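One structure below.
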Amino acid sequence: MSIQILEINYILNTFLLLFSATLVMWMAAGFCMLESGLVRSKSTAVICLKNIVLYAGACACYYLLGYNLMFKDVGLWIGTLDFFVFPNIEELKLLSGANVNLQKLLSTGSFSLAIVFFQMVFVATTASIISGALAERVKMWSFFIFIAVFCIFIYPTVGAWTWGNGWLSQMGFKDFAGSTIVHSAGGWAALFGAWLVGPRSGKYNKNGKVVSTPASNVPLATLGTFILWFGWLGFNGGSVLSLSSVFDVATMAIVFFNTNLAAVGGVLSALGLSLLLYKQVKVLLVLNGAIAGLVAITAGPDISNPIFAFIIGSIGGVLSTLAIPVLEKFKIDDVVGAVPAHLVSGIWGTLAVGIFTEASFKIQLIGVVSVGLFVLTSSAIAWLIIKWTLGLRVSSSSEFLGQDITELGIEAYPEFLNIDDLHNKQ
Amino acid sequence: MSIQILEINYILNTFLLLFSATLVMWMAAGFCMLESGLVRSKSTAVICLKNIVLYAGACACYYLLGYNLMFKDVGLWIGTLDFFVFPNIEELKLLSGANVNLQKLLSTGSFSLAIVFFQMVFVATTASIISGALAERVKMWSFFIFIAVFCIFIYPTVGAWTWGNGWLSQMGFKDFAGSTIVHSAGGWAALFGAWLVGPRSGKYNKNGKVVSTPASNVPLATLGTFILWFGWLGFNGGSVLSLSSVFDVATMAIVFFNTNLAAVGGVLSALGLSLLLYKQVKVLLVLNGAIAGLVAITAGPDISNPIFAFIIGSIGGVLSTLAIPVLEKFKIDDVVGAVPAHLVSGIWGTLAVGIFTEASFKIQLIGVVSVGLFVLTSSAIAWLIIKWTLGLRVSSSSEFLGQDITELGIEAYPEFLNIDDLHNKQ
Amino acid sequence: MSIQILEINYILNTFLLLFSATLVMWMAAGFCMLESGLVRSKSTAVICLKNIVLYAGACACYYLLGYNLMFKDVGLWIGTLDFFVFPNIEELKLLSGANVNLQKLLSTGSFSLAIVFFQMVFVATTASIISGALAERVKMWSFFIFIAVFCIFIYPTVGAWTWGNGWLSQMGFKDFAGSTIVHSAGGWAALFGAWLVGPRSGKYNKNGKVVSTPASNVPLATLGTFILWFGWLGFNGGSVLSLSSVFDVATMAIVFFNTNLAAVGGVLSALGLSLLLYKQVKVLLVLNGAIAGLVAITAGPDISNPIFAFIIGSIGGVLSTLAIPVLEKFKIDDVVGAVPAHLVSGIWGTLAVGIFTEASFKIQLIGVVSVGLFVLTSSAIAWLIIKWTLGLRVSSSSEFLGQDITELGIEAYPEFLNIDDLHNKQ
């Protein structure tokens, strides 16, 4: 191929990564709005703070150590303990205007930091999954410390096994854009954390029945869902990682199409099931159904029959809807439905690749189980150490007043009279 | 041309469609936020639910039947009643890694499902137009059924006449990105629906005068407008449909430029006119002016003189502003101003192509009238059948309490004390 | 190079500009949401109106005269007083389907109006900076007139000196995407305006101490910050201005990476400093830290070591956090922290290019000072003339009731009971 064509390939590959990473970065806003809308207003400002700080922290931790642990000279289990990533020698020459060995430069396919950026925004997504589940009662700093451990060590380890070309990848485990690697991993950490920290006080009444804790801002939660849907096209589409051949772009096209259709399936199945189970359309279940559909297709969005994508997404919507009362039964208070949407649907999506494509179901199952065991165990250790040292849970008076007041000293909506304000003042 | 250049063309064409479709998908969030902000808070959660479900439903219906009715072997009137679209044989070979007849693959210009995705998000836009006009009193399920009819049959028919290369297109009718095909079509369906379902109770007082029903959340409505403006660049820009020549990209550039400038014109003219008519700046008229400007330019955003684009958009802003009191006079209660912005300005924009370019004004008028008659008639039949079977309007108690409570069992902002709450409690 | 490769280069360059301009356009929504969330609810609708009108007005003014003053035949000081920009002759031929001198067409590198659009959205950004600082007490129309002067004359002059290739550029002044040209320029205009119009009544008590005026909607402000972060990738990334070589795309990649990392640094440093200074995490300082980090890196996002980007952004976060109490001490009431984030951090970022790269610190300083003096002086003249003619400040009763009611006749959230409502009613 002529060098000029190779240059264009390099340009397109790099541009794809930047474009897609930008969309995935934007998903941070989606998680923030979704969670802000779903929690009660007394906990909203903390959610905002947590989401922007966790995005920043996840980027910093991953750049500090995580990326190299995940990708640098991975054998079977983990990469290299090494700080930061810098442009390689040819890239530095290029940027400084010096003469470049073009063949060598182009051999990597795309600019190194474009791929680091794309991977970096993925870890921020994983971290976002955790924040919602533990909302309204976890100590802010305890949460941040967990996120650091997660982004530096837990996620990169799982990533090394798979995208880093470690043992799971070598076995043939398939997880295109991370139903397991990103979503289930975040989900397992959220599950253990939510269990350990316990339900919000008042979530269950004396008889153990669930007391409704209505979402404080439905349009904000809806906006968050739309942002996630939008950004997810880059999340899955960018995971093609290159745009230099008709095969690449065809894969990207089918990925976009399937991703959208799976979310459609998740919406419609959650809508139908919510009618069936509750004789009422539950808007929050429908929003969660969209996310579950997106999570479900993420392991295999390159499947060539879109009907399968629709089915996979629909089943994701069904499973996440069914998982919510199950969690509640076990007294696990997952405030935003992160575990049903990301963990349950992530497991389903990963197994679905073993059902609907030539990938081995057994190997998919091995991947799901091994990632699950590792993340659950390592998260449990981290959560427990944090609990025994800093403590995990805010005081009950802080929980009653809301973390916004007690941890940040502000209110999210200070001027709007709240129903509780009225009661307190009367 | 060398095969490698043809491959790059194919890549760029497909990427353009995916990029643009992503922006158009995002417009669904824009409609949702705009409408959520414009309705009263007791109807906001239903608007959120409706917008995400209608996006999903529109995609599903269009994929099920609509696309083939619009594009597959259209003679003069309509395409083929056939289910779903799948990648073609060469594309399937490519995706499966088999040997491909590259010449044949490349002959379509872009990957088939990329274009299906782009068309699919357009039908979702059309459907969104309808939801706002009938807000706060139409039965949710009746609305969804209408949307299904609209997306499976009404819109694809109009689309077949035009973009499907049917009789109107063969006559020389020009509608670049759909002032008529998308916006007026949605607007006619909204107009008849809003008339049939009748105004919200309390919209007119005993003397027939309009009672103000203030928008419940102005920043949300503003956000929605900005989202639409942003996404519209992809809506019009992507309608170039290819990016493989300097002509394509030049067209795309002028389209982006004109689209933005027409919205600018719409904002400024609505601002000026609102001052003139009401001696006051009306922020909601200004927001609607932006949308009207965008709708107006959509039929001919490829005009080579941007001043014309500014003028076309400005007149769109004027007409939509003037149309609002006219509708009110006829007791048509269009809650979000969809008819002024999409129908009135859409008609204007389509005719403007006959004024400012070489296109025939007469043929543009034939297009506007024939699409109008068809959509109005078919929508009327659908709305009437729904009215006589399921009913169209919620009970007056449901309307009084708000559909959020009665149809979904939740409130959009459950914690904020509402002015009515106070009255009820005193 | 073959003509086909040149065509592809032209396509990619133009597409980059359109893509990036779209992201920058979206920043208008970011400023609008940020400011809407930060002001009190009685001033929110005016902020919404101001932000959409200023975007439209900035585009119109810049297209009318500003672009030519900034770029057309600039000698040392300013370009040409000439109306509008149109496609050039070859481009018009191309659009009309006539024969084109391809060599001549391609010689400009990209389609003319794509670059005009990209520059146009930049001036809208600058204008947005000003609106927040003077919020809640500046007369709407006085503000709009200032914006027109700023977009037609003040910003284009500074732009001509630099990006228009005038005297500062010829000296070697470096400002990649506008820490000084865009952000400080807006900041200086905001600073003088905020000082001249005086603090909001009630901002200082009788003893001169600051009275807290809490942000009315924290999630909206957070959303605005995320939108700005997202759009900023296009703001800085698009400033590469072309995408036709591996050097271009490598620069773009490092720019994306550094831009994100600088914002990360700004978040983390503002978080740390807010803890240190106030023994409490201040969510609004953290949001402002993100913006300050972004502003700081904007002068030199193409630095090849990302650690420097992190440091530059972090120092931006520190400086903006420190600047807030300084402004308050001088009784300058900058409602949204625009001066700390855009002016202070913009100066720092511009100087940082003289510290961390080979650029001359002295010349950077000359740029900062000369732009500062010019903008400050010309803004002062404009603000003062407006003050002496139309007046700058709304009446104290209008300020007390809120501009939403007095200037627009609506409320941003009419249904939510406000704390003041309760007091007034009791």
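Read from first to last, the chains carry the letters A, B and C; within each, the first residue is number 1.
In this section, a contact is a pair of C-beta atoms (placed from the backbone, for glycine too) under 8 Å apart; a residue touches a chain by one contact, two chains touch by 3 or more.
All values reported here derive from a predicted model rather than from experimental measurement.
Peer 1: Rounded to the nearest 5 degrees, what is the angle of the rotation relating the C-alpha atoms of chain A to those of chain B?
Peer 2: In short, 120 degrees.
Peer 1: Mind checking chain B against chain C and telling me if their interface is mostly the same residue numbers on each side, over half, or mostly different?
Peer 2: The interface of chain B with chain C is built from mostly unshared positions.
Peer 1: Can you give the whole-Å distance between the Cα centres of chain B and chain C?
Peer 2: Whole-Å distance between the two chain centres: 31.
Peer 1: Which residue numbers or ranges of chain C touch two or more of the other chains?
Peer 2: Answer for chain C, listing residues that touch two or more other chains: 8, 19, 217, 223, 413, 416-417.
Peer 1: Please name which positions on chain B make contact with chain C in the complex.
Peer 2: Residue list for chain B touching chain C: 1-2, 5, 8, 12, 16, 19, 23, 40-41, 214-219, 221-223, 225-227, 229-230, 233-234, 237, 243-254, 256-257, 260-261, 263-264, 267-268, 271, 280-284, 286-287, 290, 302, 304-307, 310, 413, 416-422.
Peer 1: For chain A, which residues count as touching chain C in their complex?
Peer 2: For chain A paired with chain C, touching residues are 4, 7-8, 10-11, 14-15, 17-19, 21-22, 25-26, 28-29, 32-33, 36-37, 44-45, 47-49, 51-53, 55-57, 59-60, 63, 84, 86-87, 91-92, 94-97, 100, 102, 105-106, 110-111, 113-114, 116-117, 120, 140, 217, 220, 223, 407-417.
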